[in-house]
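One chain, subunit A, links the two complexes that follow: it is found with subunit B in the first and with subunit C in the second.
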Partner chain A sequence: MTAPIPEAALEPIPEPIATGGSRASRATWRAFRKQPLGLLSLAILGILILISIAAPLLAPYPASYGTDVLKPPGGGYPLGTDALGRDLWGEIVWGTQQSVLVAVAASAIAIAFGTLVAVLGAYIPKLDAVIGVVVDLTLSLPVLPLMILVAALVGPSTSTIILVVAAFSWPEVTRIVRSQALAVVKLPYIDAARLMTRNHLWIIGRHVVPAVAPVIVVSVVVTASRAVLSAAGLAFLGLGDPTTWSWGRILYEAQASGAMVSAWWLTLFPSLAILALVLSATLLSIAYNDARNPRNHDR
Partner chain B sequence: MRKRYPLLAGVAAIAVLALSACAPEAPPAATSTSTAKAGTDTLNIATTTDVVNYNPLVGNSRSDYWVSNLMYPHLLSMNEDGDRIPEVATDWGYVDETTGFYEIRDDMKWSDGEPLTAEDVAYTLNATKKDKPAGTLYGQLANMDSAEAVSKTRVEMKLSKPDASIVEGIGFWGNIVPQHVFEKAGSVAEFANDGSDGGWVSAGPFVLTKVQVGQSYTMDRVEDYPIVKGGTPIPAKVVYRVYPDVNAEILALQSGAVDAIANALPPAQVEQLKNTAGIKVEESTGLGYAHMTYNMDNPDLAKVEVRQALAHAADYDAIRKVVLQGQAVSTGSSPLMEVHGDYYDKSIKEYDFDVDKSRSLMEKAGYTADANGNFPVSFRLIYSLQDSVTSQWVQLVKDSAAKAGITIELQGTERNTYLAMTNAGDYDIYAGNFAIMEDPVTNMVLSYLPGGAINYTHVDDPELNDLINTASTSADEKERVKLMREAAQIVHEKVYDNIMYSQQLYFAHSDKWTGFVSKPSELLSIVNPVSLASASKTAK
Partner chain C sequence: MSIALFVLRRLGRGVFTIWFAVTVTFLLLRLLPGDPALAVASPNMTEETRAALLTQYGLDQPLIIQYFIYLGRLVTGDLGTSFTQSIPVVDVLLQRLPWTLVLTASALVLTVLLGIPLGVLAASRRGKAMDRFVQILGVTGQSLFVPSVGIALLLLFGLWLRWLPIGGAYDDAVYGVAWYGSVLQHLLLPALSLTLIQLGSYVLTVRATLIDALGDDYVTLAKANGLSPRRILWKHALRNALLPATTLIGLQLGFLVGGAVLTETVFAYPGIGRGIYEAVTQLDFPVLQGAFLLLAVTVVVANMLTDIVYGFLDPRVKTA
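On to the complex of A and B.
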């Protein structure tokens, strides 16, 4: 249920840090454009986001039931129907919305919290020891059983899923960002900034965070794909929101109604959707990580 | 309903569980096994859960029930129509108003050679009464003071007050356990009976010999089982194999890894499996029902018009047609079903699906719809996510109620949470089902009397209470029928319960085996003792 974080994203970046400036980002974009996999991933993610926004235009919200039960793809149902005769295409389209929402919301929370903790830790050495211990502790927890426990106790709903996923994703973000931030706060220009002002928040906001922004971008994508996997996993275990369509819920209902054996389309299509989102997110983060590495930029 | 058992069982009775079975006189005639002899074949059966409890007197899950039923017989069984038939008991009834009796067979033996006598029966009843194990049988014993073996084959029970259904209730719901084994353990409520002191002792067709938790439960034939035709079970072994879900079970049956599936088939798979080569599907009558109850502690739901509005805002036909694939019948929204014979009242008709009627009832109750046509009410409906059929139809209920301007908020939870919420009355609408509601009087006592174990409506209607109380002490069957019909009219009219359908169950087995005897409910299904003892491999 957890996507491995690309190796590259874990390493502290030894290269000079791009501290803003449009020249660096233009160089990154130029390098990125040369990676077909990255572009393809970006396109797939774009399409998924588009589908989630345009869901009402693409398919009516799945009715509560239909008369054509378990029909294979074709004949008015492009992806077939489920055990209650509902159109699978509609379920997947509306499920995209929930998956994208979970991905965006859970990663936003995890990133915001994780980055804040990481930067504070790096900037205030006294806090760092405590934060390090907390992060290590949280990372060593068995995530899946805890997610199941929390989701079961609090009760299934989309907001529960988002909070649960975010709660278990931020330490990963903190770890990556912290290692980068530790390198940044020791750089001469931060010392220079300290001489200019005693407003630490300004220093953090103006200099530290922008310096770690590239790793944050990578974390966003990875955390988002992990959130989708976790949400789908929880929904498959029956701990998702039973009233909102999600890809995991389609799988869960196929399993619960015993239709998995005969109706291959009920498992194939939602799985493909999950695969598309997770794979493209992972590839995108790798491509971006490569692209922002100055070594790969044209000289 | 998959596992509602433990809880309710503790409480009371009947209601939920299923039974057990064995039909002495039910020669599996339909199944032409007359030529089959005790052989060397192993019958593999798929189940979804492990056995967690080997003591039949304590509340149990499906697998517990299936396995312990093959070892600990009941006094009475049930035939396909839901009538009680002899098993260990050959005759039963009342000596006088407060004394019940059972005459039992004299040819039953425990697998260690000890005879099964009236002493075992009396011990089982008295020990259960004393130690209060959390099982269905204890719930049945409310009006029993004590039991006594007056001869080797006759047990008499002293009752604390007249109770016309207790003899059949106890006979049907209680397993008999061996006194010489259980007595040593002290309390029957605490005895694990896990075979740790030299294995199990059985008076059924099979005895458990090997347990591999998470994988299989192997049971060997008991050579002497007089209840089955021929006196010896046909399969040499029965092995329950654990598969995590019903999809895996179906695949295992198709691949030949198991010969039968103990769980009922999901409605959507029945047609498909009927048309699959190598697989046979057996039907069994529904003896239970699925229902919604409206919690009258909620001030809105305390108004009869609101309950009626809700009752008219569900499309029962669509639920039966789509969710159950037509494998269910209407009971006319009445707790008295066709299988109850004389009790069934054809004049009680199902609530028609009519959202306009719902709206006018809501207005009559004093509610005014807003600009969008929605009334200012919202009800929280609870159901178990493990119950796939209910999980599906509650969606339909929610959508159709929305058309009538009534908001229903679905709260599906994990089963144990659901049971806890049910017991705490933490719901507005409860959706669920009961496997077997075989005795109308007992059902109504539990469902509609104040304090009843399954009175989920929290109803306390003096008129209804009178009818039920009178019926429960009446020895006259005709009078009971009349009283129950009147009670059902009240329940229907005031919507103290909304019975939606009675489901037909289907069970699948390989066509390499024949001779199964299908009985009502998932607990008896085709894995009841007589059925498994009679099953044989088809001659090739």
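On to the complex of A and C.
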């Protein structure tokens, strides 16, 4: 599902920052370190990534049926068991791995493609007119029903979900990066670069992309968190990979089996996991945006 | 720009957007891995029925001819036949559409009714505790997963407190005025879930644009003229700040519809979204395809109408 881009992520950058440079990024990091919420979100994201890597060490893969059906948290099961007697803690741990994988892969594809399209468009005005229209049109459509149609036709699997989410996330990336790139290509130093070389790819790679890099960083975080919501939404409708655990699948099974109404833990814990990931990603992008603003740097 | 030209351009853009949605759908169905025939003919049909349907929908023709057959069928309102219910998809969906419209419209109204006061509250106390609080609520609201919110409300108000029904859209056993009452009762929780996920970004936008407007010269002038801060805030700054906030609502209609699909699934609300959920479990592709197209058309028309109405209210829209 396409959640709206947090308003903070869209706040105009004071001026197109021509060169990042290591001094500027050090100043950003110094300003970032002073934000407790930013650090906390970074820590939470770090823990979630650790859980996803260490999943096999934390819990056995919950595949077989158990006899302890719908046990509340406590006893041998820290988070309780589901309607088929499987350990919820294991499902959440392995679901973390799936969510992080989908978020990283889908947003990587969407960012790479979206940035490429945005930068090429900014550089080639004729192309930009077309790109602008396609992006506007795509963003105005109800994307979730379209994702559902495609996912159902192709058949649910992890790679389908990654590709479907990426395919409908790049326009948002393009929209954000494009507005910045359009400002950058008008700057004198790009004209100067054009005088020095006819190698447009070199200009784009060496000068345009670095100048829009801060916007890209923000959209990586935002796109990844939206990818988690979209993937969870698809899984909640029964379009998740049936062979892999995901947070959305836990909710889907709780709803489909009717256990949702009696076993609060089956919906509470996956919901908290989704909230933790998405909220910390959002807060991280806000903190990064604040820290990047030179007005918040102490000289 | 004259108002007639403005309305015409908006209509033109609406038609163009719908054409775009239809073409994207056509290309996805034909070019994706998977059998394009699935969009009209179920694999469970007999070989003859299937072949007849494929000929009827022109799926044995070259791609470009298929495209025009597809467009022609859509223009006449033919979205194919549902696999499971064996009735035209249009009939399946049109009887569900009003529920989705009621749900999304009430969520929008609630969002605006709650969002404007909250945004004003935050902007007028900028930097104070109340502002921080509203901002934190806003950011958290944006990070919520729709089904999680729905399930939480359902468990709390439906199952534990037993104040409200937990599913469906109305009570079968009542008639007349009581029926409308039961519709409202069933609507409250789904509409509230949808409002909660929408409210965050709306409040933050109202807040940000209002803070911008409060820094404008005309506000300084109004202050110098001795107008009360209250009057400046509500009558002058807010009116100018509402345009971006309204534009945002238009931009997010697509997202809202996605939220409605998930909310209806949680509450077994008989709208198009619940229809999509049921069609997914039964792999009823014509319904899935029709649902997307119908929702796309709904969003485009709603956007067009808001734009046109707003064009009459605010002269800046026409020149933009």
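The rule is short, and it goes like this: the second predicted complex is superposed on the first by the 292 of 299 C-alpha atoms of A that agree within 3 Å, B and C clash if a C-alpha of one lies under 4 Å from a C-alpha of the other, contacts with A are read in each partner's own complex, and residues count from 1 in each chain.
The definition used in the following text is that contacts are C-beta pairs under 8 Å (C-beta built on N, C-alpha and C of every residue); 3 or more make two chains touch, one makes a residue touch a chain.
Since we're looking at a predicted model, the values are computed, not measured.
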Query raised in the report: Is A:Thr282 contacted by the first partner subunit B, the second partner subunit C, both or neither?
Result: second
Query raised in the report: Of the two partner chains, subunit B (first) and subunit C (second), which one does A:Ser257 touch, if any: first, second, both, or neither?
Result: first
Query - First (subunit B), second (subunit C), both or neither touched by A:Ala152 - result: both
Requested in this report: For A:Pro242, decide between first (touching subunit B), second (touching subunit C), both and neither.
Outcome: first
Query raised in the report: With the two structures laid over each other on chain A, which partner does A:Val69 touch: subunit B (first), subunit C (second), both, or neither?
Result: first
Query raised in the report: Which partner does A:Leu84 contact after superposing on A: first (subunit B), second (subunit C), both, neither?
Result: first
Requested in this report: Check whether subunit B or subunit C contacts more residues of subunit A in the superposed model.
Outcome: C
Requested in this report: Using the superposition on chain A described above, determine whether A:Leu139 touches subunit B (first), subunit C (second), both, or neither.
Outcome: second
Query raised in the report: Looking at the overlay, does A:Leu163 come into contact with subunit B only (first), subunit C only (second), both, or neither?
Result: neither
Report task. Find the residues of subunit A that appear in the contact set with subunit B and again in the contact set with subunit C. Result -> 152, 155, 238-239, 255, 260-261
Query - Interface residues, subunit B side, partner subunit A - complex - result: 245-247, 250-251, 254, 265-266, 268-269, 272, 318, 321-323, 325, 385-386, 388, 391-392, 395-396, 398-400, 410-414, 417
Query - Partner subunit B, residues of subunit A touching it in the complex - result: 63-67, 69-70, 83-85, 152, 155-156, 238-239, 242-243, 253, 255-262
Query raised in the report: What residues of subunit A sit close enough to touch subunit C in their complex?
Result: 1-4, 6-8, 11, 137-146, 148-150, 152-155, 225, 229, 232-233, 236-239, 251, 255, 260-261, 264, 267, 270-271, 274-275, 278-279, 281-283, 286
Query raised in the report: Which positions of subunit C touch subunit A when the two form their complex?
Result: 16-17, 20-21, 24-25, 28-29, 32-34, 38-39, 138-140, 142-148, 151-152, 155, 159, 166, 197, 201, 204-205, 208, 248, 251-255, 257-259, 261-262, 265-266, 276-277, 280-281, 283, 285, 288-289, 291-292, 295-296, 299-300, 303
